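Inspection log for the structure reproduced underneath, given as structure tokens.
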Amino acid sequence: MNERVPQISTTIRLSVRGLNRRFGYRRVIRNLTLDVEAGSVLVLIGHNGAGKTTLIRLLAGLLKPTSGTVTREGSFGLVAHDSMFYDSLTAKENLRFFGNLVGSAESSRIEELLLVTGLTEHAERRVEAFSRGMVQRLTMARALLHDPELLLLDEPMTGLDDAATTTVQRLLADLASRNRSIVLATHHLPEVVHLATEVGFLVSGEMKALEPIGGRDSRALMDRYRELVQNG
Amino acid sequence: MTNSNPIERLLKRGWTLTIAALLSLVAVYVRVVYFTPVESTQGPAQKIFYVHVPSAWAALVAFAVTGIVSLLYLKRRDEKLDTIGAASAEVGLVFGAVMLTTGPIWGKVIWGAWWAWDAKLTSTLFLYILFVGYVVLRGAVVDPEMRARFSAVVGILALILVPFIYFSVNMFRTLHPEPPVLRSGGPALPGSMLLTLMLSVVVFSVLYVGFLMVRYSLSVLKDLREKRAADGIS
Amino acid sequence: MASSLLNTALSVAAKDLRIEWRTKTAFASSIVFAVLVLAIFYFSRDTTVVSELDIAPSALWVTFTFASMLGLNRAFLLEQENRAIDAILITDVPRTGVFLGKVLGNLAFVAVVELITLPLFALFFNVPILRPLPALLAVTAMATLAFVTVGTLLSAMVVRTRFAELMLPVLLLPFLVPPVIGAVQITAGLLAYRPLSDFSGWLRLLASFDIAFVAACLLLFDATVEE
């Protein structure tokens, strides 16, 4: 179900070497190294406080590393914990603003994305009136405006209704099928495990293991996680 | 276990320097009171000048150091630079307070008015308020890296502001001149008084350096303690 | 395809103004504040001792600066709500453009407040603003550029603390001194029908202040948003 189509040549979309990040005196990310290839769907598993949000922010360039490097090839989109929208603007106005910044604000493109995320009839409503599920769908729409080669997501499924969950899953699957890369941090495994090609296990800021999915289900992955936590 | 000995040595040296400077200060003021001639127009009250001017000098040096170190911090991102800048700002506030209290006292005795909006005192007051803001901003930011960055930005802005404050207050003063009695004894001081002033300035400078060393060391030691505590937990 | 500096700035400014137009809260507070301050200045003077012309310039500039300060924080506060600024920062638009946009938005906001306050000022204080109006507007523009630019940069930092509304005036006040002294001096002269050429010294001060601080703030903005 998630066998990767054999690639003739692989391109690295995201490269991380020796990444460290401190907040004050706490080391939140320790010596992290990873590569994300085109077409890869990397799911990052970690308990609360393991550093998932910090890592995603570092990968997005919103945080500067204390040491180490993060290199991205090509454009990327971000779906984060905060909506990053302007509540008093409508969905369309929000998309138009961000679209302008990435050079992708044609009405046709915006309408297409609103359609794909099921938000067409809410286009002229202010974001402050949106439910969490609608906001998350709009966030996906924004992230996909410029058809990025890499998508970073931080807990995208949290607090979503069924319609929104399905929409997000569908969009992610579509991205993966078009050879886009995805890095998704979560502790809601069952909803995303079927999309994953690789899994990273984050324990207290360290990537204890980075492995291909190997056809495992979420229970097997949680067992593996617990095993890695115990082994210290 | 991090070696804190170099810092503790710096702290000791700082205290030594400070105490030496304070003792020298006593000596200088004996000279001021007993061995320096009394100024004719202002009388013995003029002797406040030997505290007022050097403390102004020290405050300005302190704020200038903060400004320069802020520029360096943004280039090099060395947190030691931030600690020096913060320490210097605090020391500057101490000297500034001395300057801003001796100024009005002197003014009251000489002209009968506590505050006459003269160019130098007014400029220093605004600079002082700016550095109070600097210290308050530092207190309001929790993350050390953000605090250092924000302080550096304010420090650089302060550095650029200083000449503008001086020129604007001065220009205002040429239109609305100060009381003629206020000539704070410029270069046309007779030799003996000039020497006393110079001695006082030198001692205040040493005092500044001593205070800076002490304040800096205390900051670094506190940081080290916190680091040890954080490492112990995580 | 990244936006150019100007495009980014205009996009950000337009977006900010659209948001302010929807809510109008900062705008309303500023106008009300301005009217109150002018009225207080007017009524609190002793008419036998102080003529209107003596107090008018100071009253005008205190009103302009304090009413404007009420609105300066909104530019970055609206980015804080849902961390919208992050979505801007991950694009490759020039950050200087983002700052410029914030300044333009704030300038537009303050300009409207000033343009509404100015006729009220002429009315309350019975001062002749029509004849020296072009010069008055020019001086107002120069001084406003000064404190809005610095205020916007300080606001970018201050909104990340818990006491944004308190901290902004504390930090901004010293930066108001050179431009406001100049503006008050020139305004006083203009209202007494003196020509603008009489004030070349103050004008030079204002111009160099503008140049120095606009440049410095544009350069320093990046340090206030990176983490």
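To keep things simple, chains are lettered A, B and C as they appear, and every chain counts its residues starting from 1.
Convention: contacts are C-beta pairs under 8 Å (C-beta built on N, C-alpha and C of every residue); 3 or more make two chains touch, one makes a residue touch a chain.
Computed from a prediction, not measured in an experiment: that's the story for all the values here.
*Asks:* Computing the C-alpha centre of each chain, which chain sits at the greatest distance from subunit B?
*Replies:* Max centre-to-centre separation from subunit B belongs to A.
*Asks:* Where the centre of all protein Cα atoms falls, which chain's Cα centre is nearest to that point?
*Replies:* C
*Asks:* What whole-number Å value describes the gap between the mean CA coordinates of subunit A and subunit B?
*Replies:* Chain centroid spacing, subunit A to subunit B, equals 51 Å.
*Asks:* Counting in whole Å, what is the centre-to-centre distance of subunit A and subunit C, each centre being its mean C-alpha position?
*Replies:* The answer is 40 Å.
*Asks:* I'd like to verify one number: the distance from the centre of subunit B to the centre of subunit C, where each centre is the average of its C-alpha atoms, in whole angstrom.
*Replies:* 31
*Asks:* Subunit C: which residues touch two or more other chains?
*Replies:* Residue numbers touching two or more other chains: 226-227.
*Asks:* In the complex formed with subunit C, which residues of subunit A make contact?
*Replies:* 57, 60-64, 76, 78, 80, 82-89, 93, 97-98, 100-104, 142
*Asks:* Please give the residue numbers of subunit A that touch subunit B in the complex, ascending.
*Replies:* Touch list, subunit A to subunit B: 23-27, 204.
*Asks:* In the complex of these two chains, what residues of subunit C are touching subunit A?
*Replies:* It comes out as residues 1-3, 7-8, 11, 15, 18-19, 22-23, 78, 81-91, 93, 226-227.
*Asks:* State the interface residues of subunit B toward subunit A in the complex, per the touch definition above.
*Replies:* 143-144, 226-227, 229-231, 234
*Asks:* Can you check the complex and tell me which residues of subunit B touch subunit C?
*Replies:* Checking each residue of subunit B against subunit C gives 74, 126-127, 129-130, 132-133, 136-137, 140-141, 145-146, 149-150, 152-154, 156-158, 160-161, 164-165, 167-169, 171-172, 175.
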